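In what comes next, chain A is part of two complexes: it sits with chain B in the first one and with chain C in the second one.
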Partner chain A sequence: MVRRYIKLYFLLAGAYVRSRLQYRLSFGLMCFGIVISEICLLGLLGALLAKFRTVNGWTWAEVVFLYGLGNLAYSFMRILGSQLDDFDRYIIRGELDGVLIKPVPPLFYILANRVELIHVSRALTSVAIFVVAFHLSGIRWTLDVALFTLTTILSGTLIMFTLMLISATVALWTTKSGKLTDLLISATKEATAFPISIYPLAVRLLLTFVLPVAFVTYYPAQQLLQKGEFLGMPELFQFGAPVVALVMLCVSYLFWCSGLRRYHSTGS
Partner chain B sequence: MPIITVEHLSKHFKVYRRRTGFWGNLSSTVSRKHDIIKAVDDVNFSLERGELVGYIGANGAGKSTTIKMLTGILVPTSGHIDVMGLTPYRQRKENTRRIGVVFGQRTQLWWDLPVIDSFELLKHIYEIPQNLYKQNLEFFSEMLQLQPFLSTPVRRLSLGQRMRCDLTAALLHNPEILYLDEPTIGLDVVAKEQVRQFLRQVNAERQVTVILTTHDLNDVEKVCQRLIIIDNGKIIYDGGIDDLKKRYGKTRMLIVDLAQAYSDIQLEGVDLTRRDGNRIWLAFDRDTISASEVIAQLTARYEIQDLTISEPEIEEIVRRIYELGVH
Partner chain C sequence: MKKYLTFTLKAFQRTLTYRFELWMELFINVLFMLVYVYLWKALYTGRTSVEGYDLNGILTYIVVSQTLLTFTFTLRISRIIEEKVRTGEVVTDLMKPIDFQLMTLATAAGTSSHTALFNMLPKFLLFYGAFGLSLPPSPLTVFLFFISVVLGYIILFSIEFIIGIFAFWLVEIRGLYAFVIWGLAMLFSGYFLPLEFYPDFLAKIAVVLPFRAIIYFPTAIYTGQLIGESLVTALLIQLTWVAVLVGIGRLAYRAAFRKLVIQGG
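Take a look at the complex of A and B:
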């Protein structure tokens, strides 16, 4: 069962990659562009931090670590869920009809069907950045740390993915959701890059309980960097990422299912 | 045991007064100002295994909406659908394994890939055993002569070739029911004939139950045994094609070439259904007035050059039903 879906995922993703193969040059250019822009962004952040030295009591190495962690979750999420970027076209053009007559879960089919390889180049860059950031942060490398880091990355990826899924699902009511998705995704990416202690209380609560991106980087980093900065939240939150990811996964999937039942197709 | 049972099936669409943009859409969704369109309205019918049914109606009558509910794409507003013991939108996955669907307007094939790649992908999606897949592929490529373009990208196929591939794609997994929404749209006479021939054969040799919607009544006349006519979401006729002719085909058509274009033409017991220059089409009911009476009336009042009487064509009968309803 699981094997069937893994195989199907790669077959469908492969089919899309093959149909894009004819645009090899633009593919290459896009990969190049993404890598360059990632490095520039980090350079900019580095330059800013070098000037201020600390952000709210976080050293620049710690902020770079935060950025690297968030960026990693973000870039993995892009591989997993970028197909939802323009999910509204499935609705506007009634393409969801074709998905719903196939004997596979619609969400799986949509996620597998248009995987863009360029996101892999972004992910590779992010891995490199994270390795450097990890090294700079001075965290001691043990099995516990490794497991915790992996869980954190996985949970962070899922949390960001569920936000993407929720905003895409809105299209089943409004027909359009592209702009909302873009907005939400870039906002969450920004929010993971800095310690949330720089924001006012209302925003911190928002990032903890409504769009829980604080669990992507900030709270797990308390554990990894031994910061002990909880801003009045329970200390347990540093281990909360997997739970939040699971809850968000359930919530967003239920939302998606109720959206599908609302699907109206198009009048030819 | 019918293979499809539909009871009191309705689908109502809320149509919001459109505003543009995301916030416009959202606010009009929230404000709930809408009109209701009864696309399908209390429809009942059932199909036996192996039937070949034409589902026709004017534009916007509700054909596609019905098909989408039968295939599990749309959730009905109310009513029951039973397809092989399943409720399509609830048991969507099981249902899709046992049905084939072709939308004439939109291909289900991978646009940029060779045709054969789409078939291969479908093999995995439907988990078709390799030997069955090979057997079916051979069968269909022979029957529809797919061989010459199996390795051509779908986007380079002609409409007729593409339709043949779409038909194959819908049948590779041996479905028990085949739904076709306008399978002959845009095809030339030869390609249409090929599709019809194919559907008859698939129905006869593989016992596939077929429902097709169309605007070309030749499809219905040449392929289907049974005809369901939907109008404004309601079924107005359900029965054999011969029955339809018997019941509504009492009208004869008299085509007359007049010597000049008379400005107003008045005849008793006769409908003037069309006129084109000096030629007029007169419909009359053979039970109430005989052809000779009509001709007598005509010659008494107008000067005639030529006339022919035609048997009712299915096209004409259905056109009159669309226009005037059943009576």
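Take a look at the complex of A and C:
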């Protein structure tokens, strides 16, 4: 059963990727554009850190580590779920009706259908940035650290993905979500690039319990960088990322299902 | 002139349709700005002044520049042109007895004035009140600030217009868009930190590119960083970029339309 779905995923994704690869020049340009824009964003952070050296007691290397960790989760999420970016297209054009009659779960079909290989270029850039940041922040490689890092990245990817899914699902009620999904993810990604200790309590609570992206970077980083900076939250939060990811996965999927149940076609 | 204003008005009304989207957008924008405001507050603890900006000065700079950045976020001219080229709708535009570039600008102005009124203005006022930001030094600066904002907007529009016209040759312009707008414009427009804070080599590159004219110039006029002669120079540089980029845009779309005729649509 699972193997069948994996096979199907690669079949659908492969077909789309092949069709995109027909236009070599524009594919190459897109990868190039994404890589350059990633480097430019890092350049901005670099310019800032070159001037100020520390952010709220975090050294510049530690900030780059936070940025790298969030960026990595974000870029993996883009490979997995950027098809949800313009999910409202399915509704506005009535394509969702076609998806609903396919003999696979609708969400699976949507995710597998338009996998953009260009996002791999972003992921590769992020991996490079993260490896350098990891090295710079002076963390010693052990098996524990490696496992913890991998779990953190995986959980972070899932947390970001569920936020994407939730904001895309809103379109089932409002018909249009436009660039909201993209905006929300960018905003939360931006927020995770810096230690959340710089924000007032209300924003910290928002980033911990409502849009729980503090679990993508800040809390796991407490363990990896041995900062011990919990701001009144339980110390257990440093290991909380996988739990939060699972809870968010359930919540977002239930939300998605309830959205589908009340969906009425636009009839166009 | 009147026919172009109709495009502006229609675009303005179209945007009014999606209320929920607008509220959500405002909410997320505010979140974005909060991140930056608190980041700078943290960076300034224990410092009084960096590169001529005190805390109040830098917060004013960040809020004004972030507000102006909204234009970059919401202007989707290159995507709209790309879509028109792909669907062939561009042909009906060409048959109309109007200037394609001006019509596109008029449409963009409609959407953007809606954004300015219902997103940028409330956002700015909210942060202005909450963080006690400063006003420009004099009424004349306010006037020149708005002139500079409009010039910066036309420069942003012209760059997006040129990217959009590339759709006639490339199938997909998303890569070009990411490269120019998400890469170069973000790095060199000064939206994230004032150009005075840049390392020398980056500042030198920024000077020869048009991107600082989109956000840095108007913002620095607002904060009083550019005054007297440097303010006049900034406005002249903006005017030059407007002329150059609008000109390139015209040449590009003439070339594109010639190509279109050869193919017979």
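To be clear about the criterion, the second predicted complex is superposed on the first by the 267 of 268 C-alpha atoms of A that agree within 3 Å, B and C clash if a C-alpha of one lies under 4 Å from a C-alpha of the other, contacts with A are read in each partner's own complex, and residues count from 1 in each chain.
Rule of thumb we're sticking to: a contact is a pair of C-beta atoms (placed from the backbone, for glycine too) under 8 Å apart; a residue touches a chain by one contact, two chains touch by 3 or more.
Computed from a predicted structure; not experimentally measured.
Asker: So in the superposed three-chain picture, is A:L249 touching just chain B, just chain C, both, or none of them (first/second/both/neither)?
Answerer: neither
Asker: Residues of chain A touched: more by chain B or chain C?
Answerer: Between chain B and chain C, C touches the greater number of residues in chain A.
Asker: By the touch definition at the top of the document, which applies to A:L180: first (chain B), second (chain C), both, or neither?
Answerer: both
Asker: Would you check which partner chain A:K102 touches, where first means chain B only, second means chain C only, and both and neither mean what they say?
Answerer: first
Asker: Is A:F194 contacted by the first partner chain B, the second partner chain C, both or neither?
Answerer: second
Asker: Considering only the touch criterion stated at the top, classify A:G43 as touching first (chain B), second (chain C), both, or neither.
Answerer: second
Asker: For A:A128, select first, second, both or neither according to whether it touches chain B, chain C, the two together, or no partner.
Answerer: Neither partner.
Asker: State whether A:L231 touches chain B only (first), chain C only (second), both chains, or neither.
Answerer: Touch partners of A:L231: none, neither chain B nor chain C.
Asker: Can you pull the chain A residues that chain B and chain C both touch?
Answerer: On chain A, the overlap between the chain B and chain C contacts is residues 174, 176-177, 179-180.
Asker: Would you tell me which residues of chain B are touching chain A in their complex?
Answerer: Counting only chain B, the residues touching chain A are 13, 21-22, 25-26, 29, 39, 60, 64, 68, 71-75, 89, 92-94, 96-97, 99, 101, 103, 105-106, 108, 110-113, 117, 121, 124-127.
Asker: Using the touch definition up top, name the residues of chain A that touch chain B in the complex.
Answerer: For chain A paired with chain B, touching residues are 4, 7-8, 11-12, 15, 18-20, 22, 94-98, 100-105, 173-177, 179-180, 261, 263-265, 267-268.
Asker: For the complex, which residues does chain C have touching chain A?
Answerer: 18, 20-21, 24-25, 28-29, 31-32, 34-35, 38-39, 41-43, 45, 50, 73, 170-180, 182-184, 186-187, 192-193, 197-199, 202
Asker: Considering only the defined contacts, which chain A positions touch chain C in the complex?
Answerer: Residues 23, 25-34, 36-37, 39-41, 43-44, 47-48, 50-52, 55-56, 118, 170, 174, 176-180, 183-184, 186-188, 190-191, 194, 197-200, 203.
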